[in-house]
Amino acid sequence: MNNWKIFANGLLKENPTFTLLLGMCPTLGVTSSAGNGLGMGLATTFVLVMSNMVIALVKDFIPDKVRIPAFVVIIATFVSVVEMSMQAYLPSLFASLGLFIPLIVVNCIVLGRAEAFASKNNPFRSILDGLGMGLGFSMALTLLGSVREFLGSGKIFSLAIYPEDYGMLVFVLAPGAFLALGFLIAIINKLKAA
Amino acid sequence: MNKLTVSPSPHVHSGDSVKKNMYGVIIALMPALLASLWFFGVGALVVTLTSVAACLLFEFLIQKYLLNRAPSILDGSAIITGLLLAFNLPSNLPIALIIIGAAVSIGIGKMAFGGLGNNPFNPALVGRVFLLISFPVQMTSWPLPIASRMSYVDALTGATPLAVLKEGVKSGQSMAELTEKIPSSINLFLGNMGGSLGEVAAIALIIGLAYMLIRRIITWHIPVSVIATVLIFTGILHLVDPQQYVSPLFHLLTGGLLLGAIFMATDYVTSPMSHPGMIVFGVGIGVITVLIRVFGAYPEGVSFAILIMNAFTPLINKYIKPKAFGEVAKPVKA
Amino acid sequence: MSVVMITIATLVVLGATAAVILYAAAQKFKVYEDPRIDQVEAVLPAANCGGCGFPGCRAFAEALVKADDISTLLCPVGGAAVMAQAAGILGKEAAATAPMVAVVRCNGNCDVRPKTNNYDGASSCAIAASLYGGDTGCSFGCLGLGDCVDACQFDAMYMDEKTGLPVIIEDKCVACGACVKACPKIIIQLRKKGPKSRRIFVSCVNKDKGGVARKACEVACIGCGKCEKVCPHGAITITNNLAYIDDEKCKLCRKCVEVCPTNAIHEINFPPRKEKTTEEKTEEAPAN
Amino acid sequence: MLKTFSIGGIHPAENKLSAQNPIATLDLPAQAIVMLAQHIGAPAEPVVQKGDIVKTGQLIAKASGFVSANIHAPVSGTIEKIDDVADASGYKRKAIFIKTDGDEWLETIDRTPDLKKEISLSPAEIIQRIADAGIVGMGGATFPTHIKLAPPPGKKCDILIINGVECEPYLTADHRVMLEKGDEIMVGIAILMKALSVNKAIIGIENNKPDAIAHLNKMAQAYQGISIMPLKVQYPQGGEKQLIDACIGRQVPSGKLPIEVGAVVQNIGTALAIYEAVQKNKPLIERVITVTGKSVSTPGNYLARIGTPMLSLIEASGGLPVDTGKIIGGGPMMGKALTSIDIPVTKGSSGLLIMPDREATRQPMQNCIRCAKCVSACPMGLEPYLLMVLSQKGIWDRAEEEKVMDCIECGSCSFTCPSQRPLLDHIRLGKNKVGQIMRSRTK
Amino acid sequence: MTYALIVISAIFVNNVVLAQFLGICPFLGVSKRISTAIGMTGAVTFVMIIATLMTFLLQKLVLEPFEITYLQTISFILVIAALVQLVEIILKKISPPLYQALGVFLPLITTNCAILGVAIMVIQKNYNLVESVVFAGATALGFGLALITFAGIREQLDLVDLPKGMSGTPIALVVSGLLALAFMGFAGLV
Amino acid sequence: MAKTESTLVNMLLTLLVIAVISGASLGYVYKLTKAPIEQAKAAKQQAAIKDVVPEFDNDPLAEAKTLQSEDGLELKMFPAKKAGELVGVAVETLTNNGFSGEIRIMVGMQPDGTIINYRVLDHKETPGLGSKMEEWFRPQAPKADATADQETSFAKWLYGIKASGGGNRSIVGMNPGKNKMIVSKDGGEVDAITAATISSRAFLDAVVRAYKTYAKEANLSTDAVSGATTKEGGKNYE
């Protein structure tokens, strides 16, 4: 597989959200607005890229039996780094993402890519993979966030498109998250099939 | 001789059909429709017509263009969904919202699952709750009956008896003070109160129930168990503390209880299949309704209660079976 | 103590405790599971079609690991390639299998097999077959309700609307045998695909006496025995008024095809015959 | 209130068109075609050969195996051939063809019309006589009666129930038999009671046959232990489990036989045949059969020899109506649609129903709307809508859990379904498959 | 605050899956059959209670005294991962039937954010030890309630013909959405 | 390169090395971010205080005082002084009566208790409903009213947008000691947020609590307030 393909793979073909259905909690939990979705996506991308890189570097030193715990520690380290930096420099975004930042640790995408890709490939390819997957994830979250924010409160990235009072509040709330993602995936499947 | 037809037995059929049942329900809904036209006039007419027309239209469009099936909009089920959606809306609800509600009912509530018979949740209620949560302001302004017969969105509004009660209890008024503000029982029975279109006239709904029972469109199990549970539960609360909890009769006659118990909990598709299961279902609806009305944030809970029990229906079907023949074999003389 | 030191100490202690406890537990509570099961499962196609006779790919993998001799086991989807891989993992011999394909042994389309009644039950061959002999005079032939097509997971079959008979798309058929099991009339059979996909078979399963069979269907095998006589390889036998060609013995000479008075014998993928006018032409050398 | 069974049930239009028409005796057929498989169990083995000359009542095929029944010549004449003939399903089956040559009966058969009341044989002899006479259940199942009369060791029968329900719409054969052969039936019941050594028998009759109830009530005065039980009209009251429940309130447990609750059920026609076999030594060579249908010009009840072509029955009733769409052997609920009328009367033929075109085909099926009407209708307390999907999707283990094997194939579910779903079609297939699986498991 | 309120809130009002969006992956993943859903519920309940207990003690006895609460994420996940693996190893040995019923879900649980989420939430909410455990148990039951009803609906939907584009994930998400919609009725109950 | 084998020693060593490296880097990052995190927290508070009181030159954070409300909640008071004179107080107050969970508000008052401004610090109310309290109780920008009036009757008919209720929404300039600061539905002077009465009540509850606590501290009159919160007869939220 050439490098571009590795990168593009995560963006489209194996998009973690729309086709692999990984990391559903943040996908649904933080996408009440496009901005939150993007923020979460980028935070995850950072962790993905860094952990993929480090794991690809050290994979040969890690005995098989402790592979998973070792990966988890590495990932958790980067998550904590993100957590602290965000708290320091982007406090309001941190406040709205809340619990979901530490939960990046258990996001199946991160561990999944570590297992499936980084532990078998060289650092450069792993970075590309992490970047592709991360951006694919960010894209999906931003898209879902935009749809929900638009339908729910008439805005995209907090820019008012139509008056808020016309919005369907339910899309900002939990049921709307499920419904919006469900129909989004149905549409994407249909587009893919076509 | 013609070629003979060959098929497995049985070779006769009762002649019953989906259409007959559905139009039976529509007929049973007519008294309530007339009552709401009487009380809410123009508004009721606009809301009902818009809702039914929109439901039919969405059903047609989705069947034809998304599912590529022969449209079957005249089987009556979409008309019922339209009517019942309208019956669950205030009569001053603006047109765009009604259309959104119909789209959600039919599109998400029914067609996403493949249409009639497949949906796990009651479509009309899916639409209604979607609207309630999305547009709480518009969905909770109730036109006054009779007074606002000639107006639509600009109708005079007031609170429903249940909302008056909930607000009152929350702000610490005594039950005696509150009873003054609430219409008398006879007015409640006739439907002279604020509320959704179809939930106002108890008497009209009961006529509908009688009609459906006589024509055997539904069985008694669900309506009776819902109503009995609500009466018993609120009765106990009332006996414990009459100052805090209103009488069971009030609960019975207000809000969507009768409408829900008679027409919406009984929806074939979303209710259990066995008689014991139906009773469990009904009791569940009753209990959740009272919990929400008395302890929850909403003054009214029937819609949510039915949807929640819809979710449990598959489990009820799986674990509560009809009484099987030979299950309780009588002891045989040795 | 500096923050960094405490941090390191905490993590090290935590990590070490976890590692030691886990290691101890792993030693103490060891359960053996053959790792080859996973390896074998990984090479199977994961279609879970059941064509191998086991309830899923994993079960088949277990069976492969357990069996001493795997030459009788076959994944029809993956075919010989996958079996060889599995055999490689296990160090056992895989069966060499000739590729197979499904064939439909009924050619009684609507024109040659007139309807005698109208079937009006549930649309399923199995139901119709358990009710009665079928809507034509032939109680052996295809019922045309498509159970076999429904059973095929590989889209390798469709019902031909004109003939009312199922058609197998050779390239898609993986010879899983699902259709064979689905057909209540045992009309479909897996046969050797043959060189260049050429094969010859009797496209009829009617066991009625000649006259009866002929009356019900113009292209029925009437058990006349001409093919049996003409076959130079002894590949054809007739039992119960029905000819059967053994694909192990058949050398694809096509002599039988020509003698069949009802055209019940089918040849597949042969080049078109030169003019079939004179008697001598039919005596020509087999196109093998 | 009249009694009936406790779960489910339906009430299809009764259409008992021929109830008032007395039983007419049909002419002998020119050729009798006697199928070798006329009963549940193994087909009988022929004991005659082509060219043999047989007398009416002579044994022509012998029971082969435990569950099987003897077959006797219904007419006298020459054996033409033993050959394949299409049965009601269109499958080829073996049959004995007899060219009729008058009606010369075996001398051992008592052909006098006198009623013979006293029962001289012992229970064992009675059962032997029944076996010899080739009697099978005439209520539809054609189960060899002698096996039913010998309860397995450890099981004791304490009550005999006679099935005079005739709950199938259209059919009236049992009704006429009760009216016209009351005495013989009573003696037949007494014989059965003796054979089973029980002292109680109940005749269950639906309330839509008041004349039969009155008639038999009068007769029963003279017999110890026989009583008549009028029942509410409700299909499928004639199903034996339902009838036992209705008459004595005992429910046969799932997967068990009636003897489990101490009951044996026999059909009215069977009681008559038993009378004739035991008292008159006459084997089962003829039976009463109803020919009916809305377009049939003269619906009627006929006493016909086994082997008579269906065509002659139809001719006796005024010929085949032009608008014939479907011909059913038996009643409309459980009967079997015939592919042609070139088939003979068998021991199990209780009726021939000719349905006009307009009623012959089913309406198109729709999605199940989960109305639960099939569940309410099912007399076995099953969930037909579910059983249908399970067998459609081939989920046999769940079908077994959901007791598909309990289905008595009464058709109440398909009858009621507003979506016109072919429930029983699929359930029957499910029963077959699950039955196979269960059998292979016990093997 | 009484325990009853914690329980009602965690099960109905603030259901983990339907309102908090935690544990969605197993919710979508192991909900195809009711029986597996029940097994998963058992496993989650067990692990969630023990994990919350352990992490609570870790927080109060180590992280807070040493003022290293920023190690929360990393240390909690370590504890949870180790715990799950330990349970799996032990269960496999001492009770194969229980392992068959619950154990097969254990690997899924490590990456179930509900476990870590609850561990962190009890700290955020300032619960004491008993409250934490009650909250963990109730949350797991809430997860189970959602999971099992959802599995029931999916089993029923398996028997009908869904529109082509909807079957699979889309319909599962739509059903979850409607389930969440219905559960909003419990709002304000606590 | 050959993989390291899974022996106990290897496993332990690997994990230890990873733990050490990770611990070191985390500790480092922690040190790096510690100050900014605290700053960010303080900045939020300070910004809120600045928002709700007149200009000051002291350090209100340093002079903050923790007070106990009547019902036992902890409130923080930040005096704002200019040239040593008290020009206003900011009180960080809270309530548990919200629709879902706690609401924290910074209320700014003149020394006599007249409300200058407020800032919602933290809440979990429903977006689009309860969350409107962030703006609702402030004087309306005139522009908003103008557009509301322009809402054509057709749009209203189609979508039902009501001119956002003008009336008495603003609490700025009110004094809980003198005004009846409960929602108009309950007989007070403040109009509740449409369809979010619960949040509105809770909001006012918090504001009045701030006043009462401050008033006790400053010995102001609390007569008019007395009834304000007792009517919250319902039940306790979380």
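Per-chain numbering from 1; labels A, B, C, D, E and F assigned in written order.
Methods note: a contact is a pair of C-beta atoms (placed from the backbone, for glycine too) under 8 Å apart; a residue touches a chain by one contact, two chains touch by 3 or more.
All values derive from a computational prediction rather than experimental measurement.
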**OP:** Trace the shortest chain of touching neighbours from subunit A to subunit F and give its length in steps.
**Re:** 1
**OP:** Work out the mean Cα position per chain and let me know which chain is farthest from subunit B.
**Re:** C
Original post:
Which chain maximises the distance between its CA centroid and that of subunit F?
Top reply: D
Original post:
Taking each chain's centre as its mean C-alpha position, how far apart are subunit B and subunit E in Å?
Top reply: 33
Subject >> Centre-to-centre distance between subunit F and subunit D (centres being mean Cα positions), rounded to whole Å >> reply: 84
Original post:
Which integer distance in Å separates the CA centroid of subunit C from that of subunit E?
Top reply: 45
**OP:** Averaged over CA atoms, how far is the centre of subunit B from the centre of subunit D? Could you give it in whole Å?
**Re:** 48
**OP:** Please list all residues of subunit C that touch 2 or more other chains.
**Re:** 3, 6-7, 10-11, 14-15, 18-19, 26, 116-118, 120-122, 127, 131-132
**OP:** Could you list the positions in subunit B whose residues touch two or more of the other chains?
**Re:** 4-8, 108, 114, 117-118, 130, 133, 135-137, 295, 297
Subject >> Residues of subunit F touching at least two other chains >> reply: 11, 15, 18-19, 22, 26, 30, 99, 129, 159, 198
**OP:** Enumerate the contact residues on subunit C facing subunit A in the complex.
**Re:** 11, 15, 18-19, 26
Subject >> Complex contacts: residues of subunit B adjacent to subunit A >> reply: 100, 108, 130, 133-137
Original post:
Which of the residues in subunit F come into contact with subunit C in the complex?
Top reply: 8, 11-12, 15-16, 18-20, 22-24, 26-28, 30-31
Original post:
Where on subunit F is subunit E touching in the complex?
Top reply: 22, 26, 30, 99-100, 198, 237-238
Subject >> For the subunit A and subunit F complex, residues of the former touching the latter >> reply: 32, 58, 60-66, 69-70, 73-74, 76-77, 80-81, 84-85, 87-89, 91, 152-153, 163-167, 169, 172-173
